[in-house]
Amino acid sequence: MNGGQVSNDIYLDLQRQLYLEARLLSAEQYDDWLTLLCDDIQYEMEVPQRRFREDKSQSRAPVQTPIFNDDMASILMRINRFKTGFVWSENPINAIRHIVSNIEVFHTDIPEQYLAYSVIEVHRSRLDSERKRLTAGRRDLWNKTETGYKLLKRTATLDDSVVLDSNINYFF
Amino acid sequence: MKQNLDDLIDFKTGRQKRLIYSDPDIYQQELKNIFARCWLFLAHDCQLKEPGDFIRTFMGEDEVLVVRQQDNSVKAFLNTCTHRGNRLCKADHGNSKTFVCNYHGWSFSLDGQLSSVPLEEAAYHNKLDKSKFGMTEVAQIASYKGLIFATFDKSAPSLEDYLGEMKWYLDIWLDAMPEGTELIGTAMKVELPVNWKLAVENVSGDGYHLGWAHAGAMTVTTSMDLSGLSVGNSDVNNAEAVSVAGLNGHTVLAALDGLSGYAFYPEPEIAVDYLQKNRPTVIDRLGDYRGENMWGSQINLTVFPNLQMLPGLNWFRIYHPKGPGKFEMWTWAMVDKEMPDELKQKILNNVSRTFGPAGLFDNDDGDNLQAATEQSRGWVSRQMDVYTNMALDGGHSREEMPGVVSEGLVCEQNQRYVYRRWLEMMSADNWSDVPSYNNLQEARATEAK
Amino acid sequence: MKQNLDDLIDFKTGRQKRLIYSDPDIYQQELKNIFARCWLFLAHDCQLKEPGDFIRTFMGEDEVLVVRQQDNSVKAFLNTCTHRGNRLCKADHGNSKTFVCNYHGWSFSLDGQLSSVPLEEAAYHNKLDKSKFGMTEVAQIASYKGLIFATFDKSAPSLEDYLGEMKWYLDIWLDAMPEGTELIGTAMKVELPVNWKLAVENVSGDGYHLGWAHAGAMTVTTSMDLSGLSVGNSDVNNAEAVSVAGLNGHTVLAALDGLSGYAFYPEPEIAVDYLQKNRPTVIDRLGDYRGENMWGSQINLTVFPNLQMLPGLNWFRIYHPKGPGKFEMWTWAMVDKEMPDELKQKILNNVSRTFGPAGLFDNDDGDNLQAATEQSRGWVSRQMDVYTNMALDGGHSREEMPGVVSEGLVCEQNQRYVYRRWLEMMSADNWSDVPSYNNLQEARATEAK
Amino acid sequence: MNGGQVSNDIYLDLQRQLYLEARLLSAEQYDDWLTLLCDDIQYEMEVPQRRFREDKSQSRAPVQTPIFNDDMASILMRINRFKTGFVWSENPINAIRHIVSNIEVFHTDIPEQYLAYSVIEVHRSRLDSERKRLTAGRRDLWNKTETGYKLLKRTATLDDSVVLDSNINYFF
Amino acid sequence: MNGGQVSNDIYLDLQRQLYLEARLLSAEQYDDWLTLLCDDIQYEMEVPQRRFREDKSQSRAPVQTPIFNDDMASILMRINRFKTGFVWSENPINAIRHIVSNIEVFHTDIPEQYLAYSVIEVHRSRLDSERKRLTAGRRDLWNKTETGYKLLKRTATLDDSVVLDSNINYFF
Amino acid sequence: MKQNLDDLIDFKTGRQKRLIYSDPDIYQQELKNIFARCWLFLAHDCQLKEPGDFIRTFMGEDEVLVVRQQDNSVKAFLNTCTHRGNRLCKADHGNSKTFVCNYHGWSFSLDGQLSSVPLEEAAYHNKLDKSKFGMTEVAQIASYKGLIFATFDKSAPSLEDYLGEMKWYLDIWLDAMPEGTELIGTAMKVELPVNWKLAVENVSGDGYHLGWAHAGAMTVTTSMDLSGLSVGNSDVNNAEAVSVAGLNGHTVLAALDGLSGYAFYPEPEIAVDYLQKNRPTVIDRLGDYRGENMWGSQINLTVFPNLQMLPGLNWFRIYHPKGPGKFEMWTWAMVDKEMPDELKQKILNNVSRTFGPAGLFDNDDGDNLQAATEQSRGWVSRQMDVYTNMALDGGHSREEMPGVVSEGLVCEQNQRYVYRRWLEMMSADNWSDVPSYNNLQEARATEAK
């Protein structure tokens, strides 16, 4: 899948793209964010499992449980929920910061489709002195189109077998 | 302590004193009188398929290892070594031939026996009586139609008696289809800064919050009517639903339409097909009433103190207390084994999307429950009361179903009974002091003759 | 508890036992005997301009909502729903027509009445007596020249009596100019791992630390003399300043030069102009002594237990305890309404730059106060004493001002009186056991006739 | 204001500049840091407010309270305070780390003036086992001069309505 | 030692290299990581000391205590320990994330040898709800070779005079 | 409390009740009865070379400053100002002429006297009796062959008596070479979420865990035999090693081969050379038995309650409790002064590589000890027991060495004696109730005559 290093130009294009995306998400500019997604987006995060290294068997977990297993329809459902104005837990805003680092970009087998690795930390300031932080790795596929780079697939790996926030009212 | 306990709860007026959500001594007594005494859910049969399969879980704050035995029975042990007390198993689930302690290598067989001890001869001079150092087993373990429970209390009633009439309702999910149920995927685990009772009361009887707290989620997910509950709590139809309590602290919320379980599926079609196709079978097994009116309906089942399951929405959840103001919540998708894979996958996705860590519904509840916990702490606040005093005039027995029944999903009867049971357990010195409410059942049984 | 309380504080020698800064039981009794009993500052009139304007704040650890009423009066309520105890309002300040609970949608009007309940008929069968479920109001609320206070104790004396002779000093800021004062900007909030009393004693009487703890800040900010206080604590001139206490636990530090309030402004000119231009007005209102000697001076005003204000440096601060070793400190800039906007902006900047989260002075205090808190915890350390035994020979009454007066800003008299009041409150079973020191005031009043 | 993406060269110039700046600040090399500032620098951070989304009214907060509202004079005042040697709270040093990420750079209306977004986390190791971390977003204006890029304006947004450290004896 | 800014190409080469290295370390791909090291690697981290600024004397600490003072042999020793399969504390895996930022690259006196500064945060998800995070600065020397950039020397500065994790079963 | 204390520990069967690792009241009593009463290690002579050299450390949770005096004696003080309780010195170590408080500038001389007070005349009117406000000194301070100890208890026995027969073993390191020992580098400090006793018992007597818990580290480091201990705990040779206890709670583990101290050095050659070259000297000083059999062997020395040193592996460690479930562990490399620099550097590297924060061995222990701490908290778990019941038949006196001696490194005798001492200290109202075990020593002394 990893088809080698991309040119500096493409590498920097995607650095900027991922930082832009983070800023849009932190600002809850969801309509702008949607313009960065392919219509057939796959947006995925699975529940991490704490299992022995030698435990290769899937027999006890044939199915993976998703935290996110979204397509455009379900992403829109999440965004439309925010737009109802009925999501009391996000009013006032819980100041949120999407912190992106460790960006790598590689060619894939498909021309103008790029594999991008990154690490994301989401920091939230909740009521009074409560703070929350979740850390995840991301593996993206980005397509280059006439209207810019679009996210085709994101597989995020959360580093938490127990999630330490009472909601994930945001995207990674 | 009993005396001041009585003043914490008033069953008749539906009053609770807030310090039950924050007081550390009350919490310690909960660990002793409730979590070290009641039957607690451990695992679903399907999680322990083969001998050696294990699950690491909790009973109260005590860490427990649940293990499928060679003879296919199941045993549960404190997950700690009897030598120096190390944690024995650090994986959440898996399969093992033995449990070997990381500290000195003591090895325990699946049945908890201390099977081998390094340097037994050279160091222990063969004087260690290994039979005395097996893993510490729970006092009783038993299972009901796929659900494995255990208790730390030898004198606890049998699981059958503990569940009592609640079994009649559990069967609507556990025994509806010939092959029964299974959990799919793995547990979604979330830590919440909330007192465990506030989460339990919510699911046990609080249909009232649905239309308001979840107004946003309902707006984008609802595909059909659920007993008239509407966005903004502007309307409800209590005629076609019931709240049931008086079942040894267990409670039920149930719509009676045989369909609304899939109300929050944007595209419920394939689930509805499944219901139609299989309803005859279910009627055969559960009879007309449960088969027609309840199977497929939105139902909230609460097994006291900390297990809750929602057929329809198809989630299955247990709460592990971690202090007066903290718990861990584990949620699974549970399905009928016979369901087609496509439906199972759809259900798994929907459970995650509605009640998982990023669930559209669950993400509405956390802040409310956390705030209620926080507002029970200040010196003045902790003296204040909270109320579940809706429809105090309700609560009768009905021919067609056991327990004390009130009309509708929006009715706080169930919470009152949960807190009455809480008080009974907290006040009792032992199980013989704890009242049982299975007589209704016996009565009905006698009539039946 | 009284007995061992007495041994915690020795007024005569200025001794305090360290465990008052770390002991959890003592802290719980502070919440009960001090914060649930004293008049506590809630808000400044100017923060609640229009009906519906609200502020979310704390009284002790209890969360309170302060609301401007339709009739322009102000009410204060526990910020919690009377149904299941959810937090009612999550915004720090704003304007609302009603307060609607996020959990089930109960709606409270500005006056705290439960105005509407979703599904009142369908679910409550109109049997809920809404008049009994209004928001829980404080026991008494009153305001003094723009400052709104409340107490949880019905039996507390009136605010006027509670403030007593302190009013004579408060007026130097609150009543100097015809239009009075206003807070500008919003609160700067900082959480500190410090026992609240250590912060209060510091501002109440500790002129001594200024020249040493703040040597760096003074070096870069000082533009004129403040009663001879010099960098490195090498010198002081106590003649032209006073420490005043004996005012029901309230205290005052005051220079008497009518100018030094702006000593820590690198460019005080426009402030000084303002003083000169308006001094005649102030003399009219407050008389020669306060108008000439005190207005414009650096003054520290402490209203027991947790409100402090510094005319001149122009900051206004309250401390909210969060445990024996933690508090939240909220700081505002307070100004005379008549001040020109340019001066107001300059003051706001300077307050932030000296006593805000990145304030040159405040950033010197945190570590000292935190360390003193930490050094009261060890098993040996907590048995040790600390001392405020400077100028034990001071403290007389003066013709020109009320209270017990000692010379100078560098004099620990005030701290001793704060701790005496603390002990009086902690030892009293109720307000009738708490001594009042307003007799001096009455005496003077009688003479006046 | 945002006049579109800059060239890769300028983008990388400012990446390096912001990382250099962070390293100087962490090392307390304030004199070197000053050489990166314009004489008419505006250095600003406001107290965040937790208000309802629908609350657009300024009537209850006509004035914003600054945490920093500095010009060169007041910045020098802060630095000179450190230089007095009397700031006991910073001796011994509280090991500090300025962690910069999410750098984006855009043209502005003014030639050779650039808009740069970034996220900064400040991690401090205090006495014994005490650790502190504050997170903020930054919006900078940088001027390109003969002597390199100089910071003209920084607007930092702290994600904390309650500040969780007992001092901010440093710059963001 | 600092021989001035490198070209954008080299700067980006080393950005990618450090991000790649971080991903390999987080994935415990130690054999791959070893291919990024020079045979004569020096890998160092010292115990931080909390001493007064004015205390320049070495007389009370003539010797610095290392947390790491490794050459290839001792690095292999650490990796071989993991490979024994006997390191019970790392089974199950403690999900780990190496978060790299603040990358700067400079020429040195030696051609094709580069000085790289960076900041690293290591986030670990331990059992249940336990999380750990350590923050350090890094000063690297990288050699450009026919087989890519190789790490010659790393000097990491941990920001903790008291280490807040019960083990450091990983590399920075 | 005594009564229920007795049931916590059973010396005969080697049983301990788990709540001693989690109960907060027991922990508070440990601070009082053990850490505020026993002799605790403060510093090594070499850390305080010149007058004014100081170390900041802890006795229990109390923070202490250890200072080299002008007359080269050493004093120790609570690290807190006698005025308002601020921490006096914030550096971990260094050299000072005086200790000046950051808050108001009180200045203390090296001997703890309050030497100068800012504004003493202007503010204190020269009425402050400075002689009464010196730093608070420990009750007793003494040193043994380079190790400086102190106690908060005036009535504690002398350090010599406290160490008693343990001195015979300490000398194997401290007095083997003419110039004695020195610490090199600075302390490696790690905070662990562990009860302090679990760490102490491990090093005091737990040779058993080595082959299993450290199997990975042993595999890659071992260069020679250590009394037959093998990876995987598959074998041991107890003949050539001893466990020694009964020494006022102090314990010893010792191989008797004179070489195995360097077993975990991949390249021990230069260490071995050093041993060979200097053994004659050591035999002169310590006699044949200690010189031949013990010097150079792997030895674990534990001085009750919280000091441990391992000649050979050459590390030196103290534990500072921070609560029932937390401590800070400080580790140094200790060497003979006469060692060649190359060997010293090699030892420093190896100590760091094996027992530092990233140490191959230490990194195996943390999780086990943390887990044992956690598994003592649940309501059921805390009632459970743990056992050190290996070789209960051992424990005799031997001609060639003092104390109660059992065979081998793998033998839990020492832990049993540590917990017996713990119980003796916890149960005693004061030192006169604490038994001493130095009679054996006196006996031998008498014979000698």
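The letters A, B, C, D, E and F name the chains in turn, as written, and every chain counts its residues from 1.
By definition in this document, a residue touches a chain if its C-beta (ideal position, glycine included) is under 8 Å from a C-beta of that chain, and two chains touch if they have at least 3 such contacts.
Keep in mind that this is a model prediction, so the values were computed, not measured.
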Checklist entry - Quick one: which chains contact chain D and chain E both? => result A, F
Next on the checklist: Please tell me whether the contact surfaces of chain B and chain F are same or different in residue numbering, using the over-half criterion.
Outcome noted: different
Checklist entry - Looking at B-E and C-D, which one has the bigger number of contacting C-beta pairs? => result C-D
Checklist entry - Which whole number of Å gives the spacing of the CA centres of chain B and chain C? => result 49
Next on the checklist: Quick check: how many Å separate the C-alpha centres of chain A and chain F?
Outcome noted: 50
Checklist outcome for this item: Here the gap between chain E and chain F, centre to centre from mean Cα coordinates and rounded to Å, is 32
Checklist outcome for this item: Touching at least 2 other chains, the residues of chain C are 90-92, 102, 191, 213, 232, 328, 367-368
Checklist outcome for this item: Flagged in chain D as touching 2+ other chains are 8, 12, 50-52, 88-89, 91-92, 101, 127-129, 161-162, 164
Next on the checklist: So which chains actually touch one another? I want all the pairs, not just one.
Outcome noted: A-B, A-C, A-D, A-E, B-C, B-E, B-F, C-D, C-F, D-E, D-F, E-F
Checklist entry - In the complex formed with chain D, which residues of chain A make contact? => result 8-9, 12, 16, 19-20, 22-23, 26, 91-93, 95-101, 123-125, 127-129, 131
Checklist entry - Which part of chain D faces chain C closely enough to touch in the complex? => result 45, 47, 49-52, 55, 57, 59-70, 73-74, 77-78, 80-82, 84-89, 161-169
Next on the checklist: Could you list, by residue number, the parts of chain B that touch chain E in their complex?
Outcome noted: 90-92, 102, 191, 328
Checklist entry - Can you name the residues of chain C that touch chain D in the complex? => result 47, 49-50, 53, 90-95, 184-194, 213, 215-217, 219-221, 231-232, 266, 328, 332-333, 344-345, 348-349, 352-353, 356-358, 360, 362-364, 366-370
Checklist outcome for this item: chain B contacts chain C in the complex at 18, 21, 198, 206, 208-209, 211-213, 232-238, 367-368, 371-372, 374-381, 384, 386-393, 408, 410-411
